Amino acid sequence: MLKVGVIGTGMIGQDHIRRMTAVLAGVTVTAVTDVDVETAKKVAGGLPGATLHLTGEDLIADPAVDAVLVCSWGPTHEQYVLASIAAGKPVFCEKPLATTQDACLRIVEAEVAAGRRLVQVGYMRRYDAAYRALKRVVDSGRIGVPLMMHCTHRNAGVPSFYEKESAITDTAVHEIDMVRWMFGEEITAAQVLIPRKSRNGGPLQDPLILILELAGGAIVDVEISVNIRYGYDIRGEVVGEDGTAALGEFSPVVVRAAGERSAPIPLDWRERFLLAYDVEIQEWIDSVAGGGEPVGPSAWDGYAAAVVSDAGVAALRSGSRVPVTLAAQPTFYRAPLS
Amino acid sequence: MLKVGVIGTGMIGQDHIRRMTAVLAGVTVTAVTDVDVETAKKVAGGLPGATLHLTGEDLIADPAVDAVLVCSWGPTHEQYVLASIAAGKPVFCEKPLATTQDACLRIVEAEVAAGRRLVQVGYMRRYDAAYRALKRVVDSGRIGVPLMMHCTHRNAGVPSFYEKESAITDTAVHEIDMVRWMFGEEITAAQVLIPRKSRNGGPLQDPLILILELAGGAIVDVEISVNIRYGYDIRGEVVGEDGTAALGEFSPVVVRAAGERSAPIPLDWRERFLLAYDVEIQEWIDSVAGGGEPVGPSAWDGYAAAVVSDAGVAALRSGSRVPVTLAAQPTFYRAPLS
Amino acid sequence: MLKVGVIGTGMIGQDHIRRMTAVLAGVTVTAVTDVDVETAKKVAGGLPGATLHLTGEDLIADPAVDAVLVCSWGPTHEQYVLASIAAGKPVFCEKPLATTQDACLRIVEAEVAAGRRLVQVGYMRRYDAAYRALKRVVDSGRIGVPLMMHCTHRNAGVPSFYEKESAITDTAVHEIDMVRWMFGEEITAAQVLIPRKSRNGGPLQDPLILILELAGGAIVDVEISVNIRYGYDIRGEVVGEDGTAALGEFSPVVVRAAGERSAPIPLDWRERFLLAYDVEIQEWIDSVAGGGEPVGPSAWDGYAAAVVSDAGVAALRSGSRVPVTLAAQPTFYRAPLS
Amino acid sequence: MLKVGVIGTGMIGQDHIRRMTAVLAGVTVTAVTDVDVETAKKVAGGLPGATLHLTGEDLIADPAVDAVLVCSWGPTHEQYVLASIAAGKPVFCEKPLATTQDACLRIVEAEVAAGRRLVQVGYMRRYDAAYRALKRVVDSGRIGVPLMMHCTHRNAGVPSFYEKESAITDTAVHEIDMVRWMFGEEITAAQVLIPRKSRNGGPLQDPLILILELAGGAIVDVEISVNIRYGYDIRGEVVGEDGTAALGEFSPVVVRAAGERSAPIPLDWRERFLLAYDVEIQEWIDSVAGGGEPVGPSAWDGYAAAVVSDAGVAALRSGSRVPVTLAAQPTFYRAPLS
């Protein structure tokens, strides 16, 4: 039974606590903390036997905590991840790994210095059954060498705090990680095309088209439409030399009525990726229970996503193609990426 | 943490133990038993803290067992379910509830006498996301009053011990329970149409078409093809007065290659219904933990399925329409059915 | 340029005249007649050079008529078809070939006596691209020997003169002909299952399920729902030993809006089968121009459809399985059927 | 009966002659000519009553020619179209209207001077049922203002004379015209993205992604893959403010076999667009018969396609975004575009 301490008991933290308590096997939440002590107290009250800590550092030091799950505000991620590494405890950090490239690089260096993988970052697309099936087809060679990928990332709407750059840093960052994993290659440049604005987007520049170039020459286009009203629609088609492979369309039920054949589209990411979150956390639990290393997205993946995301933001601001420059990859990370 | 004892550690028992150990939350397997003591011993060996019992009755009596899961050979189901009722412990019994109508009725009577629901039967289609979405559409009235349902139940192949009657008792019995649940009505008659035999079926009469009549007049046709080679294909379309609703097609990935657009079809029931099993057992755990009553398929559902199944077998043998006659339904069961 | 005389200038006759005038190649309408002289006069007025005849017999005798197209009231079909045969002129007769089995048989005998094929009957499904693609797959052996076929024939609504028996004689008769052609076998028995009535059907027994047995043992079920409101929906899946083949779903456009992915369903048979009618008449023109024999549905096909249709009506009335008994097939017709 | 003279009796000319002779109504081919006299003689031999001319100019002058269809080698289009305008005869010119922008502009000016529309250019996508259905949805406002369109233009392979620039001038030019028609706006800039090369493309840069900007700000991306082996695959999705609309997938038949559900993909453009060609030519015949003006793609459309195509080629060569500059549109053409 893996004993997990959760730093950050806001919406996503509470959801992971529900997941570890009511859905997943082999895990128990033994400690919580949050900058908002009242919320943390309420959450701890629903967890018999769990300890309420006043700081993340206290929680990490708690001998009743085997592994740490960081769901706090982005700017605090670096300190808790570094502290977990220092304590030699596995840490699962929700995206982003940290809010700057430099902070991410410090985490990478700390982990390399620690000599073993302790960090996993919360890019959950890699755990989705459809993306996994898509990657299996691509890897099988059935469609030849992959040359392009067409992606759409559509949200029905976004909250009021969503900013111009969020289209890259919060939304397209999922595709940034997914594409690196799907192709097994680094991204080398970004460009942003700016279509006519939707009246639904208010002051935002919505939609956008993000163009990514990969080390092997493949090009990926990502439509980002975050106020498209009709639903949450994630699509992806890899185009190879001899064929293509695309994510399936999900529709538990097909209705024929009133002149149309229709199938429901998910409302939001919770509906679409609920199971991917379950799989992500279960696989993390299974990998680190008993002292193992995590096998999911690494600190390097978190760093690379941050660098590409920065390039995307620069491309959005400048209207030009922006090259991506990564630090040299420590050999330490080579296996997990491939 | 619900403490479950498992009677029967064959294939399905081991799968449920794996599920309760490695997948689901809030449950621990505390006791096992099997007629094959060696197997039971091996299974118990992999479950730290679990007790190996020599008989099901011992296991049921074990104070470390809160609830019982019966996965033993069909002819033994009655005795273990009755013993669990006698002990006042919730019991989840894999289908069939018992091997004869009379045995099922004895269970129903024992449960009514006990004065509270303790029994749940393992009809897992009710836990499948697609069937649930289908039922929600039907219940919403969007397609009008349901008048018909077209079902197909196709297996790539069946094991060598599969007999002529298995097409009804093992295969179509899933549709028998699903249809009663989907329409909220009892089945009143059965007929079997016998098409040309497939060369793939050996001595079996394969395929068959089972025709079911419901209390409200709806008619259901079920194609049963158990050696169709190409995959496991479960489909269903409810036809209402104003429209229809059908199970969606599942395809995580769509490939365009070699002149075709294609999507994979599940190989077998494990692939298609894996999640439904997880949901079924998790919901059972959640309902009975803390002393609650199960809300899934009841002893009455198990009895009704047995009676309709017998009518189906009689119809297969006679070639005629066979009416279904149920005992009077105890008021005790009225709510769960609706 | 084939010179065609049209007997019957009602809705379907006018549609075929439009087709031969404005859509198809190699044909000119040179003569028309109708029991309603005023309508015929109006139609002739729009056809420069066409002769208005007072009787079908006069039209058939007209030397400016190479071939005859019969679209008059069903009870008059026999006399015009027999007169065309007597005149040695190719005749395309809209369904039904005649209103009784005996009348159909008289036509068969007259044609056999004439020694060459002159008659084609208007079963247009054989000219639909989807049915043809389906038959090519079945004939290819890719799905093994065909054992079953599931069909649905759904109309949004039917006109007020539609009677109880029309469900068989006007609606399912399309499937009756199609199935004989698809399997290359005669139908040997019919049965009708009667589900709960739709409130949309008024006094009609709607829907129905027609069960057809074929000479080789295959079984076909046909859902007939003629007031289903949502659209015109023709579906068919042939189930073979190793796989299945089904008519595709037609949707020129797929819309994602308001939480749904949806595609339009045809409103009526005109929309669904417009092209099939064009192909049917063009192929008839091409086959008989220059003195050739028609290659489409024969007088024998018209006779067989009438006999099966009668059995279907008897089955509907009796609730029982009704065997189909055909006269011996003249060798004259063997090739066209296969 | 429209009397058409055909200039150019190569593959496409012969196909249009077959179409006008064996498929369409209201037309007869009365004259042919070709630079290859032997071929023209052979074709004329199969057309009873048709005159063989030695030059296009002779054919245009022939009083037995009401309208002209130009299918000759591209560099000759200008002279025949201008001669037809001079003769006051309607002329249908296969794409391209002419091989240079300047030549196209001379045709535009000649037609404007003639004071009535005589010219139609062979962009047949506008006649495809799916594109028309797509445009109807876009025009209905159901998806809001259109902001983007994603297109794919995939060929299984291309002939050996296909050159680097052909990807724009021969292939994407169909999308260039379609997009102007779909959005009812001119294209204002072009850019070309160059992905990793396919091994199937030999020396060609294949695939490409063409980015088009429209006057109203919408952005269109067009994947051009001309050696993708698996089939001919034309797709398009218009993304609006509130939803999207996409071309349907065409599959006359769906097969379930060998672990897959599959549907055939067209082999080539003939299979995919056969009916669109029929509709295109029939509508042209219907519009110009009796002295009317054509309503299809105009000389202006031909000119605009040429200018955008040139910009696309420049973008391909330079790797940069290339603005499109059109001459001022004569008011003469305003209505047909909208």
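Chains: A, B, C and D, in written order; residue numbering restarts at 1 for each.
Everything that follows uses one rule, which is that a contact is a pair of C-beta atoms (placed from the backbone, for glycine too) under 8 Å apart; a residue touches a chain by one contact, two chains touch by 3 or more.
Chains and their UniProt names: A, B, C, D = Inositol 2-dehydrogenase.
Every value quoted in this text rests on a predicted model; they were computed, and no experiment measured them.
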| item | value |
| --- | --- |
| Distance-maximising chain from chain A (Inositol 2-dehydrogenase) - centres being C-alpha averages | C |
| Comparison of B-C and A-C (more C-beta pairs in contact) | B-C |
| Matching chain pair for A-B (criterion: over half of the contact pairs shared, by residue number), options C-D, B-D or A-D | C-D |
| Centre-to-centre distance between chain D (Inositol 2-dehydrogenase) and chain C (Inositol 2-dehydrogenase) (centres being mean Cα positions), rounded to whole Å | 38 |
| Inter-chain centre distance, chain A (Inositol 2-dehydrogenase) versus chain C (Inositol 2-dehydrogenase) - centres from mean C-alpha coordinates, in Å | 58 |
| Chain centre separation in whole Å, for chain C (Inositol 2-dehydrogenase) relative to chain B (Inositol 2-dehydrogenase) (CA means) | 45 |
| Residues of chain A (Inositol 2-dehydrogenase) whose C-beta touches two or more other chains | 229-230, 242-244, 249, 251, 256-258, 263-264 |
| Residues of chain B (Inositol 2-dehydrogenase) that touch chain A (Inositol 2-dehydrogenase) when the two form their complex | 20-26, 129-130, 132-134, 136-137, 142-143, 242-258, 263-264, 275, 282, 286 |
| Chain A (Inositol 2-dehydrogenase)-touching residues of chain C (Inositol 2-dehydrogenase), taken from the complex the two chains share | 229-231, 233, 249, 251, 256-265, 267 |
| Sites on chain B (Inositol 2-dehydrogenase) touched by chain C (Inositol 2-dehydrogenase) in the complex | 144-145, 147-148, 150, 152, 193-200, 207, 209, 211, 216-219, 221, 223, 225, 228-230, 239, 241-244 |
